[in-house]
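Next up: the structures, one after another.
Here chain A shows up in two complexes: once beside chain B, once beside chain C.
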Partner chain A sequence: MADMERINTPVETAIAEHFAGAKAVLPGDAGARETAFARFAEAGLPHRRVEEWKYTDLRSVMREAAPLAPALADDDAVAALEASPWFAGIEAARIAIANGHVVASASDFADLPEGVSLETTAQALASGHPDLAALGAIPEASENIAYALNSAFMSDGVVIRVAAGTKVETPLHLRFVITGDSAVATATRTLVIVEKGASVTLLESHDSADDVAHQPNNVVEIVAEDETEIAHFRIDGHGSGAQALSTLTAHLGAHVAFDTLNMIARPGLVRHQVFMTFAGEHSKGGVRGATMLGERQHADTTLFVNHVAPHCESRELFKTALDGNATGVFQGRIAVAKEAQKTDGQMMSAAVLLSDGATMNNKPELEIFADDVLCAHGATCGELDDDLLFYLMARGIPRPEAEALLIESFLGETVEEAVDETDEAMREALMGVARTWLAARG
Partner chain B sequence: MLEIKNLVVEIEGNRILNGLDLTINNGEIAAIMGPNGSGKSTLSYVIAGKDEYEVLDGEIILDGQNVLEMDPAERAVAGVFLAFQYPLEIPGVATMTFLKAALNAQRKARGEAELTTPDFIKRVNEAAQKLAIPKEMLKRALNVGFSGGEKKRMEILQMALLEPRFCILDETDSGLDIDALRIAAEGVNALRSPDRSFLVITHYQRLLNYIVPDSVHVMAGGKIVKSGGKELALELEANGYADYKAQEAA
Partner chain C sequence: MPAVQETIDRVKEIDVDQYKYGFETIIEMEKAPKGLNEDIIRFISAKKNEPEWMLEWRLDAYRRWLTMQEPDWARVNYPKIDFNDLYYYAAPKSNEAPKSLDEVDPEILKTYEKLGIPLREQEMLAGIAPENRVAVDAVFDSVSVATTFKKELAEAGVIFCSISEAVHEHPELVKKYLGTVVPKSDNFYASLNSAVFTDGSFVYVPPGVRCPMELSTYFRINEKETGQFERTLIIADKGSYVSYLEGCTAPQRDENQLHAAVVELVALDDAEIKYSTVQNWYPGDAQGKGGIYNFVTKRGDCRGKNSIITWTQVETGSAITWKYPSCILRGDGSRGEFYSIAVSNGRQQIDSGTKMIHLGKNTTSRIISKGISAGHSENTYRGLVSAHRKASGARNFTNCDSLLIGNNCGAHTVPYIESKNASARFEHEATTSKISDEQLFYVMQRGLDEEEAVALIVNGFVKDVLQKLPMEFAVEAQKLISISLEGSVG
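The block that comes next holds the complex of A and B.
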């Protein structure tokens, strides 16, 4: 405990300098930013001796601290947004965020579905919007370093409220892009409050230029009041140079149905964290993901599912396909408090290794303090089934195509579970990520 | 014409095929019978190209082409088709997606145009109807949850669609009820043609009443130990394999 100040590497020093320069100009309460930054300053960048970051050693992989990106000129933002293909086939109200700043001219703010109100996070911070009090609903997330850095630097994003009882038919699509030839950092914070009895589908997509070491840090916080129904489908299309940190928090009331699905394809480095808390009874939460990696790519999905209230059900299903010298990480922790009787929690992570150089690290954990629960976890890691490959090839399907069929069906189970059976367009939009990846694999 | 000469095959150091010779002419239906474990499925896998088998000696020539140099997909394109003794379940791969991928892959490899979707569906529906395969089955994942007999009929459906040159049926009759056996046999007979040959592996003479073979071969200890006409099957049915096992032991 001798020195609280752990900042000592050049990158940490550079981050501190960026913060010193930014805090005066960033919107809102500088004091809150300083508190958050102090959390980072105490711990420094996470490294492998920090249990939670064991497999994703930010201290060794982050060689530079990119400066916080200024807002882009509208034309540049629009060009970058046009190049981002995700969810194009889905009719949605689009919300564009380029280099970490909302682009109003490329967003459907005038056409939001009924019952949806929205403000940019920059405005909300500047005006001290009361909804911001709902941020940080999950304490374990607030303690997290990626989240703390985001709290220190957050510059924009959106604050959305869905009015009680509203069934929002048109999905809301948050489109994040980062463009530019020199590396920049972004810090966005999005808050979605879904009032009692409302339902909404949130789409979130990310794109950043290949080969540039952009450093996005995005946080989405969802507050689901009682009897809400929320689907969140996310496509992480960050480029091969990016070092992307993202955090999703979901605070669930009673009788909530919440599902999130994250598709990750070919990023440089991704750490996606999900914090889901069951605060009310009889809720169901599904957290799923399909990750596709090659080359020296690295993707880490870390979950903390906290069953505080009784009679809730959680389902976690993660599929990872790894080629080249890629590394996949799945860390899933399910905690069941003493009061959370009748919890039903099932967590599964399965990986398929397509090359000798690929590595998967699976770390599922259960911490159960209640005595009447049904909880299980499993993790598998293996190669494609030779007998199935032979069967397909014996019908004339060439090896690459036979492999693609098997990989697609392996990854597709996550989409099958998360998306409504009748929603063909959504399934196609999500499976398109896998098909694009498989086609590029060749 | 398929010619197998002096085929010697091992798996994990165990010799399974032991200098097997067999010639099947165009238009011929050859039946192989033999005791459990004599190497019949091994022979069919080796012809189809399963790579866990080590071919130590011999050759397999189909229409002058050395089959052993091809991967399983290339062999299928060359006309080899194996109806599996135990068809595999492939969760997550829709039956129609699989059939279309197989059909179009073979067409593409032969330089033919891919089928349009309506054309493809029409062909599948016609073939399915002939084999009394309900449309509902085609909507499921490949073989998943199919009964043993349904899986066997699905193999014949694939054979009918792919129109192979050389068809191997590995115990297609086991698991089929009496009606299904007749329907499947009719499916096979409908495919009989002067330039298509069949290798029918079975334990039961009954199948050979429906699919009448031109030649019958007895396999024991990894080779063909006797060949004859269709009457050989009746003789085996009456006397069993005792003679051949004794011969092998001697």
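The block that comes next holds the complex of A and C.
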């Protein structure tokens, strides 16, 4: 029964080789990168025997390790950015990141809203920017393998600071694209520090070509100081060949209102992780998402909501529509520490299976150490309601349209909850993702 | 609510020392040498006078066990068990196959009397209506000491005996079903059990027979440094019905003792099995010293169409509980149910739940789980509901609620819900809360003191599960709950 020494898979060996080649040229402290890589080297790619990765077996899915992408020529980057449609109808300050590198010529750096200061992550790493000390605010995220790999390889991104008391009206839009015919890997790190009493809306969109097995690994870290108000809307439009890892961390102070919504449509494989910690009292956090999958696509959303401070409220709502032979995964853990009395946490995951080949795996967890709390979770999965379909069809609506209507309203609940009801344009921008997917479904 | 008042009275009369089954029976025992190896297994097999095939089966399980690792995924912490520092066989010395109760050591009879389990049929009959009688198989450490009402059951065609007896008397049935629900290599503790199991109950209900009385097994661990490994096999043939109760206690000791049981249920077409457990092993003292490690594999196989298996459990004892009574819903239209109350207090750790595996068409399952944590305990519900590709029309409803009393304990819920069939419909809900001040205030305002008020509210909380218990058990279970919660208020 002796423990056997782990043998690297060819992909793990290839990743190690990429790291050996890249660490000398990547900006910043090489020692920190070594430490992060050691974490990966020790554990290897996560597989189904690793509880948090039970349903997304990277070891068996990742057959190749793509090399880290070099910066693109400006023309190529601009062409790729033009092809990315997300949030086009929303007026925003754009920050363009192509193949993992900031494209200054396609970004509104000269035109940033008042109170917003920005530097690229590459510059910040090279100059040892003091704000970088705020990275890794959530220890549970730092232990995560996707995050560790990002820490080892991170090449660029942006470091944003929103000055105290500033109400930023214009959203900041982070536009990520990956282009090229051969598969590349990217590792971007974005840090957003919102100072006391400030408010800001962040948009994040991702695009990569279909049929190419690009391997993006994105991390966005948000530090919300006291009395801030932050909305984060994300569209994951990675192509059907992509194997995308993404991590969002949100460290919330006191009296914070934080909301994040993630729309996932048609990626080859995606794992989106959210780590949210309530470190101050009387904060409210909402984590929501809608996932649309077909063919043999696979999407995994994994949450860790950690209530450390008392009197906070968290709401999680996730909807998944599955067609073809797709697999949906939802793992959500709400932890309530002994001190976090009067916590109110409610988590819901609902899935609709549209074909017999689809699979849904739900794992909503509660981990409670405080006695005066109200926590609940619910999970459902099933097919579309026959009665509702019949009702619509009896009114002359053909079956495909009736199905589309029902699916749209099912997914739309997440957008309804996350977006201010007066913000018509934002609702359209997000629901557009669902409509495009439904139209393609036919 | 008379039952509730009774519960409250019961709480009051309990001493600070809560565990009332902690006494020890002083009796001369015969033990196998300490440790585990093939010779010990041969020794056990020889003691039981087993045929060759049974020994081979055990040895095969043992060899598989050697290649396995102790599972560490459950949310329980305990020092590593030295499996070579245990006695795997302990039997009362006088117990050379007693022909009747008269030959059973009077000390053992007294033990069971003290536990409230009369083994003399005439005593049992006193004041009990015939339809409420219960047949008992009493297992003392490694051996079955008595089985009651055998004759009457035999007239109905029901076989109810210890599993060692079944190996001799009904080898064809044992060979056909043993290990078919929980295979030898199923998991670490099941493999260990397959290698060294010493006794347990065997039930076979022939086609179309409704078992005329409740069957019951009472497990007692008595000897020091001894593990108890019992194995229960229940087969309900086509169209039959059986209800089976299981109870367990152990003396109060400073050391931890291991209990690794395997229970296999097989329900053929249209058969129904009700399996109820009141688990009250010694939980250890307030500092977490001593107590039983309860690592149990229980699984029911709804092999035939329209078969039903119901698990009902009240878990109040054991230092550590690791137990997931499951149903494999293989037959079309079969049904699995799981009702559980898990109460943890002191330093107890419970990681328990169920698995409902939907394989057949139109299979249904229901899970109601109530966890109550008090003191410094940890209470985890862990459950799996899965629908395979062919399980069209599968339905599941799961409700697990947790209640925390005091803020030094933990309550956790870890459900796994996996669906591979579009027409399967699964619903899961879970809540965690404390007894609200409003509820307490409302009840106390009507003149109950705090402890009585908590008992009343907790009884309401677990009512759904208690209603599913057979009559005799429901009363006992209510008492147990009140005992486990004693001292947790304030």
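Brief remarks follow.
The criterion applied here is as follows: the second predicted complex is superposed on the first by the 435 of 442 C-alpha atoms of A that agree within 3 Å, B and C clash if a C-alpha of one lies under 4 Å from a C-alpha of the other, contacts with A are read in each partner's own complex, and residues count from 1 in each chain.
Here, contacts are C-beta pairs under 8 Å (C-beta built on N, C-alpha and C of every residue); 3 or more make two chains touch, one makes a residue touch a chain.
Just so you know, these numbers come straight off a predicted model, no measurement behind them.
Because the two structures share chain A, they can be overlaid on it, and in that overlay chain B and chain C fit beside each other without clashing. Legend: residue contacts after superposition of the two complexes on their common chain; A:364 is shown touching chain C, with no touch to chain B.
By the touch criterion defined above, A:75 reaches neither chain B nor chain C.
In the superposition on chain A, contact of A:410 is made with chain B only, not with chain C. Judged by the number of chain A residues each one touches, C leads among chain B and chain C. With both structures placed on the common chain, the touch criterion links A:421 to neither chain B nor chain C. Contacts of A:397 after superposition on the shared chain: chain B is touched, whereas chain C is not.
The least CA distance from chain B to chain C in the superposed model is 14 Å. Contacts of chain A with chain B, set against its contacts with chain C after fitting on chain A, share not one residue. For chain B in complex with chain A, the residues that touch the partner chain are 48-52, 71-73, 75-77, 80-82, 84, 87-88, 90-93, 97-98, 101-102, 105-106, 109, 141, 158, 162.
Interface residues of chain A facing chain C in the complex, by the touch rule stated above, are 1, 51, 338, 341, 351, 353-356, 358-383.
Touching chain A in their complex are the following residues of chain C: 66-69, 73, 389, 402, 404-434. Chain A meets chain B in the complex at residues 386-388, 390-399, 401-402, 405-406, 408-410, 412-413, 416.
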